[in-house]
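Here come two complexes built around subunit A, the first alongside subunit B, the second alongside subunit C.
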Partner chain A sequence: MTEHTPLIEINDLAIKFGSHTAVNNVTMDISRGRIMGLVGESGSGKSTLANAIIGLLPYAAQISHGSIHFDGRNLLSFTAQDWGKIRGKDLAYVSQDPMSALNPTLRIGKQMLDIQHFSEQSTTEKLANALAALEQVRMPQAQARLSMYPHELSGGQKQRVCIAMAIMARPKLLITDEATTALDATLEVEIVQLLKELQKDIGCSMLFVTHHLTVVEELCDDVTVMHQGDIKECGTVSEVFSNPSDKYTSNLLTCDPSRIEEKCRRLPIMFNLGLKELADPETDRKRINNKSRPLLSIRHLDVTFRKPRSLIDILTGKPKQRVEAVKTASLDIAPGETVALIGESGSGKSTLARAAFRLVPSEKGEIYFDGTDLLSITNADMRSFRNEMSLMMQDPIGSLNPRMPVGTSVIEPLIVSEKASGLNLRDEAIHLLELVGLSADFVDRYPHEMSGGQARRVGVARALALRPKMIIADEPTAGLDVSIQGEIFNLLAELRESMSLSILIITHNLHVVRHLADRMVIMYHGEIVETGTTENVIRAPKHAYTKVLLEANLQAKYGV
Partner chain B sequence: MLAYAIQRIIVSILIIILAVTALFVMIQFVPGDPANVMLGPRATPELKEALRERLHLNDAFIVQVYYFFSGLMQGDLGVDLTSNRPVLGILIEQAPFTASLVASTLLVTLLGIPIGTYAAVHRDGFFDKASGVVSVSLIAVPPIVIGLYLILFFSVSLQLLPAIGAGEGFWEILLHLVLPTLAIGLTWIGYVSRLVRASMIEVLGQNHVKTARAFGIPNQRILRAYVLRVALPATITVLGVSIGFILSSAVIVEIVFSRPGIGKLMYDAVISRNYPVVMGTVLASTVFIVTATTISDLLNVMLDPRTKDEN
Partner chain C sequence: MAQRTNKHTGLTRVRNVIRKLCSTPLGLFSVIIVTAFFVVGITGDWIAPYDPIKLDIRAKLQGPSSAHWLGTDQVGRDVFSRLLVGTKVASYLAVTAVSISLAIGIFLGMIAAFTSRWIDWSMLLIFDTVRSFPTLMFALAVIALFGPSINTIIGIVVISTFPSYARLVRTQVLSLRSMEYIEAQRAMGTRLPRILMRHIFPNVIGPVMIVASMDIPLVIGVEAGLSFLGLGVRPPTPSWGTILNDGFSFIRNTPWIVISAGLPLILTTVAFTTLGERLRDILDPKLRR
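Now for the complex of A and B:
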């Protein structure tokens, strides 16, 4: 156990779920004091490997052979008592989803006391430790947070609490499983910076599990690439990223939209790198019809939410609290144009899109769709307009009825809007599925029988069912692996050319925007702070928030 | 928390007033003249008129409601038409029998929590499967059937436990409570244990439990503060509502076991159209049920602060 032996030595490890092999004969080391990035697509076995190291594999998982040594001790022979001695002390863990990682019924301070269960210190001393840790992760008003409950904190603050808990242990190994995936781009950068500093402070090793290649490049010293349970490549970040020796790794890097500098009409995908095609200003100009009136025109729109009052508020005559979600927003989308609506969570971008559908009531302003003022027509008339604008949901699997075959889900909009008569619905479903590149046999599949990318395609097919003039896509690539991101991107790009669709993308993934969008609209605290063509906004951002956002996302190498 | 509690209590009082008013309306529509029923066919019209006057039956409905509530404020619930005793006094005399039965049933019902917890932690084990079968069987049998078989077995065959009455003196009272409590409670133990098991299993799979495990927090502490505490609110809500069912089972069980109590009192009063007593017993049970749901709501807020902020 000298300084030179690795902290974690994994030898020929295989983990199975029933007959399915999740981790296949993996051999890997994590060196002392270094940050190891573990990348791979969903289902590659990276989380399973991380869970095996901390001994928290799901019930159904079975280790068929191999060994994991931590500091020279075999973790696979550990009893519950042994684990109790190293978890939260030598090993710390930050989980995937900060929203659900904390106990909703205990105050933050109490939970931070609980994890010091092995310490002999008094409660006062333990609370002081907790406070110090919160200050170390730069939590604003750290003292007050101790007596708050998790639901009173924002997502970023919760993640800070989780990290504070992890570093409080001053562990030898810190495992983070997709710790920044659920966060906004600007927050992600902050958290990555924080992790980097803390790791240096404590001098611990770190295993950073993610599918986000840019973050790995930014944060990690070493990287391991996993694919379908196998390790494809392992080495220092600079080595692997500049000169990948494995085909899979190099494809993965080639397909990452953030590494493709020029604007693309089609992105390369894992199975077809030759698909890449650069954008052509002439085709783009032809696609957008700027001469006629805009398809969607929003003028000075205000959306205000009123919080319900409690009985005591009513009795004491307190006025209703108003939240201004959207403030005097104006926005035009031409036929065939793709506009990206960008902003952090809570900036009002989703509310603005929902208001355009009249799914939330607007306070003031005008919404014109194809020349008609949507705010002045009746609900019955609104129905026919809803058929012309489709919403693509953020969570593709969650937005499909799990008990309904995919084919039925796809044609459901036709049935609901009473446009199904006279159509052969099965043929129509097959046609729609083929339009988005899925074969006819998907008609009879159920949502759980599909991958994330396929579900996303079904979402597109359903949005197209009524032949809309416009699609509003809420985070169309969120949570998708790099290769599938490219597929969905190409699908949208093809559809807008063949069907002259207008697309409004709501997202915080600037890399996809950079390739796909004609114009960018930046929202901040309910206001549209900047609009412009994608090239102009990226080259010369005006608003301070836009600058921060671009820096966080695109980094120096794209000329920002 | 205090503001929420006050708010919740005000709402509860409003519910009680509404429920009692609704009951008043329903009694108005019961066919037959109460004066006739009470005084019998041979009473003179003057006598009947006097009784109507005394019961405010000639006044408008709203005025009757007013008399009832103003009487209520002064602790006057009217008099029993057969014995001429104040209803309040009768209620105070009978309430302890029912209250002790409901309380002991609730206590027994709480046994479902450890049973459900153990079944969830040792999921698919022998205990889990056995308790599942027994629970579902018990849920399916109505209290009156369980009650009759308990009497047959423990009182008639084994002659171990008393079957009739409420008993006097601490130990006697306790012995007399055993069979009625089991008659109502067995069903609820089964129900609660299934419920606790299901929500425990759900919470055990949640992310925060994994975090707690990853920090090596001792298992007992995880089960208590990270699993049960999150899983219990659903069960407490059901228990709050169950008080109503337990109380209505108590009516039947009190008759089966010939126990005195609010249930038996209510039953007799309805049969003899003794309206003041009917109103009194219903008022007592309404107050009891509303109080129980209020307590369960407040307990939930104490356990899970999100409940309060959602309201």
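Now for the complex of A and C:
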């Protein structure tokens, strides 16, 4: 093959799941030595397309017509033996979740040996290859890692191992499916940098599947935009991002909160770009009631987890292991105020929220809600405070009982707090669902019959059932597409104005909260390291971690 | 109001499950056999053509004929009638023993999962101790103490099966307990009994019921085995085990007695096991489309 033909040529490819068309007449090339970004919302068919290239489509999928050529060979005619010869060698794949991509029962070294099964080298040589690959992905203490198990590594390190395994055979094409999505912003930047360098070293082509536009802009040379199985636009990154020719692409770019420099009161959404409304400092000031005492006031809170000892530990007199999740944290939220609690995963931000609901026991400190110390009252007294504050869990679908229709889940707080008597519960459920923009027929649906965005709305509806004074929302926009993020954002912004809600948003996504939050609280390794108004923190971060975080998230272009 | 719609969708779901069950030949077979088993179990006394314990020495050990479809045994009793009435014992045992065992297992399993670790551990120790008894040795010891009767058999089955339900429920509850929707309930102040009944129980019951449906043939087998050894149902009460026992002595000359009691035993065992497996495939959310 000449160097000028594309590495991957996809011609008029259509993939169906039963009657549903996942990929619709797609024609696309991946050039040699270039990085192709494949972007689209969830369900746009981008993962299906990536799986088709590596021959790992689910059984239900059917290729109705079209062709995929790799280096001039027709991949669709490949038998299992043919695939065995090129997978892991010419074609490599890095999956989304580094936690489940590695076998938890095998040491890293063993897994890296196994993947070289096609090679005829001796074990010593293969081990040397593995070590070299780990060093190539900038793994600290590479030699020691070979004898470790996956659970001994952090998320970012595991993803490095996955990438090391993928590049070990110097593949011609590296496919990564949402390889950075599960990682924190700071780690994401590191991995993107790494991929960029590796691609240059090896000279391979890369297909980078993601829904994160900023990463594509940072990493890729070319970009393909998919929507509902169709390719909307294809071109070089600079072309597409600066001058999109397709309406869908331009809408997608307009909706990306990281591309909107000014602070917004309403974000534009895919189907209504005109919704965008800039924040007005005057209304924001009116909304927040700074004169009275804070609604929630956390003072010097310590939360410590003790690891349970096994029988053998107790008999051998091993001391209890303690993990300090939250260290002397203090935090105030005024009535009507929106505060963002920001930190990487494991920084203790979710634990802080759970401690406020007494879901985890606190070691020391006080939590005042409306003047009462929640940590010194009985469980029975605590119950009335649970009506005044609501917790929205991170996973929109997982926080709903899978065997309960949505309408019943939504009114559950009313029943639990014994405020349901005399109410028509079905009407109340419909009312709540309409409040968050869902139609009445959602009452009878089950959680698995909804999309992530719809389930998130149900979560908001349930949080509002008792007309609380405060909502604590744990990653309310995580895992949602850009446009749906905007919808949830607008919903929260609307509700806080109409119901004078205080909101505490826990997140590691600065792009969205930048628009919504009045104040930011940065948490790092269990400690609150910085607080300040959103504008001040972004303009002049004080703590070193805040600076790194802002750099990772917002990048230099917004004048950080 | 919301309750009613809930039940309604529950009913359509049950109908859907049954439709899916009957969609494969093996599934249809198991549904038919299981239904027949329980129908005969309830109506056996009335549909039996002869009195199952009436002796007629002159007509002993006759082969199958139009008068006696499955022949007669060594004292001239009609084997077909004995088989129909014997189904009553089998189905009564299957239902009572498995449901008592289920109730105890679910209750203890939930408690184990929601109490302190020490109680949990002690309960686990008891479960495992009980489970480690060889069922037959245990049964012989219990029968020696209390004498053979159908209630003794129920007791033996309950004691030897409830620990596996309790363990299963405990593991299920432990994994559910850390689910976000349970934590969401705790955050809104839901009391423990309500969390257990409304939010955990419905999500636990599915897998447990499937294991239970696979345990039913085991129960029937234990009864047949003990009755065969003369330690189960007191003669002359007919049960599949006693018929097998009667027929075993004459297996050389009159094999139809053993066959006529053995065949239903095999069929129900296969049917319940298939049903359980099919149910698991249909109800498992991971396999559901």
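Convention: the second predicted complex is superposed on the first by the 559 of 560 C-alpha atoms of A that agree within 3 Å, B and C clash if a C-alpha of one lies under 4 Å from a C-alpha of the other, contacts with A are read in each partner's own complex, and residues count from 1 in each chain.
Methods note: a residue touches a chain if its C-beta (ideal position, glycine included) is under 8 Å from a C-beta of that chain, and two chains touch if they have at least 3 such contacts.
Since the model is a prediction, treat every value here as computed from it, not as a measurement.
Taken together through their common subunit A, the two structures put subunit B and subunit C in a clash. In the overlay built on the shared chain, the residue A:545 is in contact with neither subunit B nor subunit C. When the shared chain is aligned, subunit C comes close enough to touch A:403, but subunit B does not.
By the document's definition of touching, of the two partners only subunit B reaches A:101; subunit C does not. By the touch criterion defined above, A:357 lies against subunit C but remains apart from subunit B after alignment on the C-alpha atoms of chain A.
In the overlay built on the shared chain, the residue A:444 is in contact with subunit C alone; subunit B does not reach it. With both structures placed on the common chain, the touch criterion links A:86 to subunit B but leaves subunit C unconnected. In the superposition on chain A, A:383 makes contact with subunit C only, while subunit B stays out of contact range. In the superposition on chain A, A:412 makes contact with subunit C only, not with subunit B.
Listed for subunit C are the stretches 56-64, 128-136 or 164-172, of which 128-136 clashes with subunit B, judged after superposition on chain A.
Put simply, subunit A uses residues 311 to touch subunit B in one complex and subunit C in the other.
On the side of subunit B, the complex with subunit A involves touching residues 3, 6-7, 10-11, 206-208, 210-219, 221, 225-226, 229-230, 303-306, 309, 311. Chain contact summary for the complex, subunit A toward subunit C: residues 308, 311, 354, 357, 359, 382-383, 386-387, 390-391, 393-395, 398-405, 407-408, 411-413, 416-417, 424-427, 429, 443-444, 448, 462, 466. By the touch rule above, subunit A contacts subunit B in their complex via residues 54, 56, 80, 83-89, 91-93, 95-97, 100-106, 114-115, 117-118, 149, 151-152, 162, 165, 169, 310-312. Of all residues in subunit C, only 1-3, 5-6, 9, 117, 121, 179-181, 183-191, 194, 198-199, 202-203, 285 touch subunit A in the complex they form.
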